[in-house]
Structure formats: structure tokens, C-alpha cells
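Common to both upcoming complexes is subunit A, partnered first by subunit B, then by subunit C.
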Partner chain A sequence: MQHSPPPAARKPPDRLGTVVVALILLALAVLGANIWLNMRGAGVTPGFGFLAQTAGFDLSENLIPYAAKDSYARAILAGLLNTVLLALAGLVLATVVGVLMGLVSVSPSPAGRVVALLYVELFRNLPKILVLLVLYVLAVRGLPPVREALSLGPFHLSNRSIYMPMFEPDPSQIWLLLPLVAGALAAFWWGRRARRIKWETGRELPVMPVAVALLLGLPMAFALLADVPLVPTIPAFERFDFAGGARLSVQFLVVLLTLGLYHGAQIAEVVRGGILAVPTGQVEAARALGLTPRHVTRFVVLPQVLRIVIPPMINQYVNLIKNTSVAIVVGYSDLMSVSGTIINQTFRPLEMMLITMALYLGLSLLASSVMNRLNEALRARSARSAP
Partner chain B sequence: MIPAAPPPEQRRDLLRQWAGTPVTALVSALSAALAVWVASAVLDWALVSAVSPLRPMEACAEAAGACWRFYVEKSRFMLFGTYPYAEHWRPALVSVLLLALSGMVGLRITGRLGGVGPRVLLALWVLVIPLVFALMGGGWSGLAPVDMSRWNGMPVLLILSVIAIALAFPLGVALAVLRYQGRWPVLRRVAVVYIEAMRGVPMVTVLFVGVFVLPLTLPPGTRISPVMATLIALIFFHASYFAEDVRGGLQSLPASQTEAAASLGLSWGQTMRLVLLPQALSRSLPALVNSVIGAYKDTSLVVVLGIHDLTSTARMAFSEPGWGQYALEAYAFVGMWFLLSCAFLSWVGRDLHRQQSARSR
Partner chain C sequence: MTTSKILMSLTASALALAAAPALAGPVMDDIKAKDSLICLVSATAPGFSVPDSQGVFQGFNADFCRMAAAAILGDATKADIRGVGFSDSMKTIVAGEAHMGSRSITQTGTRDADEGMAFVVTTFFDGQGFMVPSALGVQSAAELDKANICAEDGSTTLLNIADWFAAKGMTYRVENIADKTARLEAFFSGKCDVYASDVTALTADRQLAPTPGDYVILPEVISAEPLTLVARPDQALEATLFWAFQVMLNADAHGVTSANVDDIVADLAQKPADVQRLFGTDAATTDMAAKLGLPQDWAYQVVKQVGSYGEVFERHLGTGTPFGLDRASTLNAHVADGGLMYPYPIR
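Moving on, here comes the complex of A and B:
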């Protein structure tokens, strides 16, 4: 006799949960009412209308044209872009430092291992704020004034800024994004094609050079053909300061260095753990099969290390993005310090913190979802090619 | 037959270790150069060009290195800031109490200090936390009242780290249980949203909410000191990180644990309290210790809000006119403290790790 499967148990409705949520909402309503009363008492009506008002303060630096007469909304946008720039530069620096130190920490050289160990231990046991403050003191004291700036070709470094050559900004340069995206897509397509051809015929096609040529060449060609002005300007010393070119403040450099060193230490630990997790038998077996050391690294060790390392790396990257907010300590105009200034000026902490937290939450969710998707794709691909 | 003598021990080939391949040689050379450069700079600053603490402050004027006399003059200020000088024994006692209690917890979870049960520790916490505030604030049995704005330095660092962590922990466990269970799906969703939102924003923003928005949510006319507001914000922030660590422990438990508890007739509450949580907590201890180290170090971020913890009083110590050149000495003081205290925490973490891998083997 056959038993029919029992019917799925009906879940009782979550009465307790509903009650608790109702209580939470009630508490929030009480708090909201208090906020309303307090703000009215201070002569302010809650709302986001103030964003259109004139900001009236300057930023230490900005990627988009911004002046004190612009609106608060534009100041926030400028701050957000500064945060993004800092985060992107920090990700690159921390990755380079971290991978390098991770590799050195497993190298046969005793000197290298000791240096890597001391570096990791030092930066894992010090608060990032302290690292930042010390580096700031060292930079302001140790770097020369603008008049005696350290120069390396067209690059100059003083205790205020680093100066470098850049293209003269022009509104029409925004169109260069078009060929850049096209170049990226073409490079991606070429990479897939090269892999397929190698899979089918074993013939190796150059990938990296073609990708670089596409990414640089397409925008260049577009600029020439469509007559987008790309006039290089080189910083030159005038009476009191450098003029021309682009500059990054020493505050930016110090925060960048802090993020790079601090997260570099964490990434070094991740990389070290990943490498040590690959059994030595794998390397020995690959050598026994006659693979060259380079091929052992490329085809045996690296894929396994990446698999282990990427999830904690994503974690580190998201932390780094959030930690850019320490920039407020030295006064680099990132999102957090712009929003702190606006709070002091307008007495609108509620609105400003809602905006700021939403933007940071958006940034970290965006970053983690993009990187997680890349990771999934990578896993799916390596699962397919290694049945 | 005479057994063959064992081969002599392999000679450690120094050259091969230091320069087996060109890359290794390069790594060795660069590392050695870096080490020599940093070590000589630090030694020169701290010893060779430094001025000994026995010589008067005036001797520091033209010295290129550290001025250790600065510590004689300023260490009490760096430790306790603007707290009334005659009452310094109170913040000192508070610091010792909090450090001793944290040390006891650290030793207890690594299995030392067997005589002190968890109940005793819990009772001590319940006793010490109000005592800390009473001692610092004063205003009873002859102790002069001291306003919270004058609470500075080490005790503030410890209140904002140790007490925040201690109070965030139970909240974190509760959030972890709520996120893990399936009995009340609405509550579970609330926990998920809370944890993910808190973990998605920087700590500075949460501190700003504590100091600027929290006072607004109080009925008009009531006030809350920035230290209290920060403490509350930190509790809510750290709890979300602890929750994820504990949830990791809960998820690592096999389903058979719940099933066995159910077949013994244990209720949901009993299963959680007697079967799942004790195992989950001991499994999540290494991750928790890591989070504690992070939370402890990040406490110094309160500098941003004008709250004077150790880092901030160190900054104050050289902000007076004429003292500006001693910034590095002041920061070295803070750095030493963090290296020392984090070394203890790291040791606890490593010890737990060792015990766990020994158990799983």
C-alpha cells in the first residue's frame, strides 16, 4: 500500500512578530514626533527643501566644477565623487600592497618573511585613526614647502599637494566615455573569442596587448576624429604656487596611504592564508607532470588560491569603501566631511544623516553585489573548464 | 649486523634560503634594506638623537629625536585629560577595574581561571558597570561631582570600548537568534534588515547619528551627554557585527542537534538555551574575538565627535602653544598602549584557535 505524502504543515501566522513590529513602529513614531517638536523648537521645519539652497563653503578639492555659490545638493555630489575616487585608489593600492606582502610572507627569504610579519602585526594592532594621524604629522613635517617641492619630471610633491600633468578640462570630454565603454566591450569580446579559439585549436592569441590598445586607442581615435579638445597642461611654478595640471591634496594622499597600508595588512593575511591552503602535493604533482614553475603557478596554484581568497577579499573591499569616511579626521572633503559641515551649518542632522547613510549603504551594496556576481561567474567558468 | 647510522641532519643552506632564485634574492635585498632603513630611523629617533627623561624640558628644544621628558610632563594629562587633578584616583581606579574585568573574561574564555564561573563574571559586570559611572560622576558620599564633558582619556576609551562591547554582546546574541530561527518570520526579517543596514554603513555615520540625531529624539527639554550618546550608538553598531559572528556559529551546528533536542521533548526556548547557544557561542569565539579587536581599535574614531578618548587627549597634549613639536611622542604613547592591549586580545584569539583545531582533530 502506498502512502501519500503528508500535506505540508501550515505555518501559523507570526502573531508575536506582527506585535513586535507594531511596537517598533510605535516607538519610531514617538521618536519622530520628538524630532519634529525639537526641530520646530529650534525654528527648523524637517524636509529636504534646503538641498537647493546655497552651500556657501568651499571644498578642499573637487572632481566636478563646484564653488561656494553652488547648492548643498551639488556639494554632496562633489563629496560623494571624492569618496569614490578615494575608494577606487585605495582598492588598487591596498590590493597591490596586500598581494605583494602576502607573497613575500610565504617566500623562502627569511628577511622577507620577518618584514612581512612585522608589517602585518603592526598594522593589525593599531587603530587606523592613529595611523592616519601619525602619517599626517609626518607628511606635514617631512615634506618640503611648495617653493622647494620635490620634483620628478612633471610631477611635484609639496607639503600641500602633489601636482601632475593632466588634460585641460572641457565639457565635451564627457563624450569620451562612449568610446571607452565601446573599447571595454570590444576587449571583453576579444578575450572570449581568444579563449574559444584556444579551446578549439590550441592556438594562443594575444589578449592583454589587444585590450590595452582597444581601451586607449578607441578614445584617442574618437578624440582626433570628433575634435574633442585634449590639451595637456603641465604644472609650472608661478609666484606662490604651481599653476596648471592637476593636483591632489596631501590630505588625500595621507588617507590613501593609510587605507592602503591598513587594508594591505589585512589583504596580506588573506593572501597568505589562501596560498598556504593549497596542499604542497598539488605543486609536487604538477612538477612531476613536467609543468614549468610558471605554469604550475598559473594553472595549478593560482586558480585554487583565487577560489579561497576572493570571498574574504570582497569583504575587505567593502570595509575599505566604508573606511574612506575616516578622511574627515584630516579634512579631506569626502562625503562624510561634507555632510558634517552641512549639519553644522543647517542644523539638519536627521535629513543629512539619512542621505549620507543611504549613499554609503548604496555604495557598499553596489560594490558587494558587483563583486559577488563576478565571483559567481568566475566559479561557474572554472567549474566548466575543469570537469 | 650493525644498523646503518642515520644520515646527518640536513644542513641549512643559508645561501639557498636567502637567494635561491633571482626573485628570492631581490626580495631578501629589498626587505633587508627596508628593515635597516626603518629600524635605523626609529632607533635614531627613539634612542640616539633622543633626550632622556631625566634632562629638563629645555634640552629638547634643539634635539632631532624624541623628547622623553614629554611623558614626565604630560602622561597624566594624556591618561586622564581635564578630569580634576586631585580626583585622578577615580579615573585610575575605573580604568584598573575595567581592565581587570576584561582581562578576567579573556583568561576565562581560554579556559584559564577555572575557579571563576560565568555567573560570577556576569555578577561582576552587573556590579562594575554602574560603579564605573558612579565613580566617574561622583556626587555621592563626599565625592565631588564631575561633569561628563570632563571625562577624558583612558577611562573614556575603556568605557566606550569595554562597556559598549559588553552591552552589545547580549543584543548581538539576541539578533543572531532572531535571524537564525524560523518560527517568527516577521522578526527574522526585522533582524536581517537591521543587521545588514548597520553593517553597510561606516561607523562614523552611526556615531554622528548618536551624537546629533539621538538627542533630537528625546522629549524637548531633556539632554544627553555626547559620551552617553556615543556609548548607545556604539552598542547598536557593534551588536550587528557580533550577531553575524554568533549566527555563523549557529549555522555551523548540525540539524541533528535541534532534532535530538526536540525528540527529548525540549521546548524551543530550552533547545536554544541549553543545546544550541552554548555550542554556537564556543564555536564563534575566535570570530568574536576578531570583532572585539576591531571594535576596540575603532573606538578611537570618536575623536571626530570631539569626545576625548586616549587618542584625543594625546592630541590635546601637544595642541597647546609651544608643545606642537611633540606630536610623535604623544602618538607613540597611544600606539604603545594599543599594541600592548591588542597583543593580549590577539593572544586570546590565537589560543582559542589552537584549542579549536586541537578539538576538531
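Moving on, here comes the complex of A and C:
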């Protein structure tokens, strides 16, 4: 079907590179052996058996069921999931903030440009841990204590958490993933069809309302038909705190806001650079064609900016994932916090640091490989559409 | 249950000490030769040991250095009190560069097993406790079911809380905050209902509240932290430290203080036999002085120059101080008041 690639030209052997790699490997081997021997000498056998032992401590919040009687391994998993949740939310928030501020920073409005400049310079030039502490202190002092929580129907806001109604968790709810995935696939198919129809006939079909209806409607219908229990619980105040419903802790929101603002400032600069790199002729040509300013941005500028900014954005995203570890300061039980507590208890710093490093590395590599795929896809598409 | 265990182990170790023949040893000789007793304290522990405006260490722990100097050298000012960090202080004692340490070291099995260091007598029974705003109206930790608790991230506090609540069949929500500023802000702003830490740390941290009187420390102590005097191993020195401390406890039990000890000694014949045995010229303490190589009036000097245990406690930590620790509500109360301070018989 395709031509086989031409045989690669024989390269001369890279002697220097081989020697450098060999030296690095040797140094690592000596280091590893030395650590192992010293630990043996001190009567400590390196190993990961301790992961099955009882953790004995609780976490501030957990996405999977976790209690102090569970194992260290489960504590690490719970901490990892907290880190992943924070990183995902942080990526979305920082991107939204960064793109908006980047657009404002090149807008024709002088006031907008000043605001964007102040924002970028403020958050780019402060240590993020300081930003985090300031926001945290402002939040716990500024928001009302739980007994004087601001209430709006079943929603309550205090310096502890945001409380909201939720469905009572039930194991059978896992089946709702089926209609949810089906809904997502159907929405995706509908979107592509709408685009094709618009391409061919120019007729606009509603996309968002249909997608929302599919994503909500299918699981609802499934729950009704299959009798999946969806019992709502509403937060109600007890002796010390609200019970029932769901909650978003203030520490999570504060760390999220810190990451969003801090990396938003850096992403704004990346986006501004990307916009400035789009030739002005493109914008002028688009205007000459009669596109509105909004459409110029949406269909001419942003698609080109996207291709330019993806490589520096990979860097930002990986930094953001690593920076979720500041959460430890204000008591959000992330991977770093769990790892530190386990080290203090088990005195197995080496093993725990290896695990923690491997997990952060995995997360960062995953994020950058997804972004690289996106980059390649965009380049392939632009290569196709180029004359 | 735990209390009686501590008491029993204390009694056992004290008996072992008391039974040992007391011979003047090399460390004791060194103190006398130098006419100075090198005693290590923590450099920054408000209430326990902090330098005053003249650079002299003052505080609860520093006073036990003075107790030793008064007993051995007859002069409390001959204590050479030095502020040293925690892990360095143990190394310094093991290396023989100091005679003793009085710096809130928790006596644990592995530490006591080290032959370079001898734990002598517990001067302060600390333990992990809970602080709550008095507005909550909580009287006991047993009422804390479903409370929000602030504690230091990564600390053993987290484990003690988890164990204690599990044993009581109660649940809680933890706020494991690494940064101290953030942790205290969270507690003082009501983000947590409860602040968990060592009782002494709680009393010190309470001073940082906008209104310290708005917070109370609950009576329950959920972990054992016996803060103990450490000596370089030397039987005579160890016995002297142990019994000088017992003199302070006995003085406390009989209401003898540095202020009234002169009047009591002047009128000794009218006093109870226990008091006579403490300060008499032909008493148990003079017999001990001869065997341990101490000044004949060592017990009087300890009480006169340093004071009774209760006096030292009130001076640095008590209700009249910024710490406002109510001794009667701690484990450091006299045994008759439900505490662990049990004066051994001096006879």
C-alpha cells in the first residue's frame, strides 16, 4: 500500500556519546549499590513490602473510599487521585485565565492592556507559595465560619467548604458510566455531522444544546429504566459541621485559584507571544473579507496561535502538574503530603521518594505526550490544508 | 490505665536507681573540679527555656539546671546553661561535652538504651491534647464526634488522632496543614473546631490567638510524652538529680517554698516529721549528702534557691503567666490531685 522507507544512511558510530552514556550508567550503578550496601549495613533492607502495612492516618479529602485502617498503598493512590484532580482543574482554569488575559493584553482597549499587564507582572514576579498563603489567609479570614455560613437554598459557603446537594453514593452507580460514554460518543458524532452539514450546505445545526441533552438525558433515562438508586442528600448542619451532600474544601479551591492565577499569568504571556507572531497581514486579510472582529479572532487568529503556543504550553502544563505539590502547605492531602507522612512514619525515605518521583514523572510524561499528539495532529491538519 | 502504666514504669525505674549503690563517679568529680555544671536546654522554648535580656536562660527547664547546681555546688548560679538544638544536645551529652540536659526530651525505650545517656526523672508529663474555642461549649474530647481537627501534616499527631477516634468509635475530619501560620489562621478563624498538638505546644500557640482566653485546652491527653532529665551516666549524679527533684516534690506536697523555707527551718521542731527529715541537720538528707558527696544542706539550698516543684511550675507556666497552664488539670499535678507527680519518701 505504501512505499517502504528508503534504507537509512549508515551513520558513523558516536563514540563520545557512548562513553558519556556509559559513564552516567556506571555512576548510577555505583550510587545504587552504595546506597543498598549502606542500608544493609544499617540493618535496613530496601523493599516495598511496607506498602501493604496499615497507614494509620487520615486524609483531608479522598475521591476513593479511604480510612486510616487502609494500607499505605491505598493512601498513596488516594493522594495521587487528589493530585490528579487538582492538576486537571488547574490546567483548565489556568488555560481559561491565560487565554483570556492573553487576548486582553493585545486588545485595542488601553484599560484592558493595563489590567493584563498588572496581572501578569504581579503573578509572574511573586513566589507561588506566598501567593498561596496570602490567598489562604484571606479565604479563612474573609469567608464566614461554618456556623454563620452564607446559604442559598441547599448551597452553603463557609471558610471550611462549599456544601451542595448530591446523590447518595451507591456502588451500582458505576453503571451510569455506560450511558455517559454512549452520550459522549453520540454528542461527538452529532458535532461532526453538524460541521459537515455546515460545510456542505451552510446550514447551522445546534451542537451544544444537543450535547448537553445527550450527556444528561441518557444517564437519567438509564437510571430510571435500570432502577439505579439516585437518592439526593442535602447538607444539613449538625453539632460541628454540615453533614450530607457534597463539599468542595476551601483549601482545594485556594490551591486551585493559586495555580490558575500563577500559571494563568505565564500562559497569558505565551498566548500574547503567539498572537504577536501571527502576521498582521492575516488579520488584515480577514478584515478585508468582511469578518467581524470576533470571527477574525475565532477563525483566523486563534487557530494559528494554537499551533505556535502548544510547545511552550507543554512546559507550562508540566510545571503546573508539579506545582500542585504546594498544596501540602495549606492542608490539601495530595501525593506529596501523603508521601511525606509515610516517610515520617516508616523511615523509608528512599523507597517513598522513588515512588513519588515515578508517579510525578508518569503524570508529567502523560500530559506532555498528550500535548505532543495534539501538536502533531494540528501540524498534520495544517499541512493538509496548505496549498 | 495508661496513667498507672506510666506510674508503674516510673516507680520501677526509680526503685532500680534508688537501690543502686551511690558512689561518686567521674562526671560528679568533673562538675566539682570545674565548680560549674554544664546543662543543655532548648534555645527557643518560651516558658521552658528562653534567654532573658541579660542572655541568661530562664524557664521551667532551665530551673532544673539550677536545681542540680544548687544541690551539687550549693549555688544555683553555677549552672552553665547553654541553648542547643534537639539532636545536637543528645550528641553533646553522649560525647561527654555536657553534664546533663533539661530540654523536653521524651524518654523512649530506644533512646534510653543508648549507653552514653541516662534518663533520670520526668519533670514534665506532656502528651497530645486538644484545644477548642470556649464558645463551642465542649467540656471533654469525648464530645468531639464529627469535629474538624487541625494538625501538623506528617506528624505523629495524625496517627494519635486516628487511633484515638477509632478506639472511641467516633469520626472526624482532619485538616493536615504543613505551614504553621496557615494552621493557626485556620484554627483561629474557625475553619477547624479543634487544634491538636502536644499540650505544651498548645499552651504556647494559644498565646498567638487574638484573645487567648477564648480558647480552652481539654483535659484529655491522648499520647504519652514524658519529658525527662538526661544525665551523662554516673550513679552519684543520677541519684542526686533524682532526689533533688524528689525534694522539690516533697516541698510542694508540704507547702514549703523558697519564700517560707527560712521560717520553716527556724521552727523545724514544730513541723511534721516528713519536713524535719528534709531540712534537719541530722536528717535523711544529711545522710544522703555524705554518701553522694553533696553539701550538707543541699535540700535546703534546692528549695531556697530554686523553689518547690509547684513554685517552679507556677513561675514559668502557671495561671499567672502568659501560658496560663492550670497545673491541677494536667498530669503534672500532685498525685493526690489526680496527677502523676508522686513524691518519693526521703528517709
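Keep in mind that, in the parts below, the second predicted complex is superposed on the first by the 310 of 387 C-alpha atoms of A that agree within 3 Å, B and C clash if a C-alpha of one lies under 4 Å from a C-alpha of the other, contacts with A are read in each partner's own complex, and residues count from 1 in each chain.
Keep in mind that, in the parts below, a contact is a pair of C-beta atoms (placed from the backbone, for glycine too) under 8 Å apart; a residue touches a chain by one contact, two chains touch by 3 or more.
Keep in mind that what you see is a predicted model, and the values were worked out from it rather than measured.
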| item | value |
| --- | --- |
| Contacts of A:G202 with subunit B and subunit C, given as first, second, both or neither | neither |
| More subunit A residues in contact [subunit B versus subunit C] | B |
| Subunit B versus subunit C as contact partner of A:V137, first or second or both or neither | both |
| Subunit B versus subunit C as contact partner of A:P110, first or second or both or neither | first |
| Which superposed partner A:V329 touches (first subunit B, second subunit C, both, neither) | both |
| Touched partner set for A:V146, first subunit B, second subunit C, both or neither | second |
| Subunit B versus subunit C as contact partner of A:G281, first or second or both or neither | neither |
| Which superposed partner A:R160 touches (first subunit B, second subunit C, both, neither) | second |
| Touching partner for A:G290 - first (subunit B), second (subunit C), both, neither | neither |
| Touched partner set for A:P171, first subunit B, second subunit C, both or neither | neither |
| Subunit B and subunit C contact sites that coincide on subunit A, given as residue numbers | 133, 137, 328-329, 340, 343 |
| Residues of subunit A touching subunit C in the complex | 56-60, 68-69, 133, 136-137, 140-141, 145-147, 159-160, 238-241, 243, 250-251, 328-331, 333, 337, 340-341, 343-345 |
| Footprint of subunit A on subunit B - complex, ascending | 16-20, 23-25, 27-28, 30-32, 34-35, 183-188, 190, 197, 200-205, 208-209, 212-213, 215-220, 293, 297-301, 303-304, 311, 315, 327-328, 331, 334-335, 338-339, 342-343, 346 |
| Of all residues in subunit C, those that touch subunit A in their complex | 136, 144-148, 150, 153-156, 158-159, 161-163, 166, 172-179, 181-183, 185-186, 189-191, 193 |
| Residue ranges of subunit A touching subunit B (in the complex, touch as defined) | 11, 14, 16-18, 20-21, 24, 31-32, 34-35, 37-39, 41, 104, 107-112, 114-116, 122, 124-130, 133-134, 137-138, 322-326, 328-329, 336, 339-340, 343, 349-350, 353, 356-357, 360-361, 364-365 |
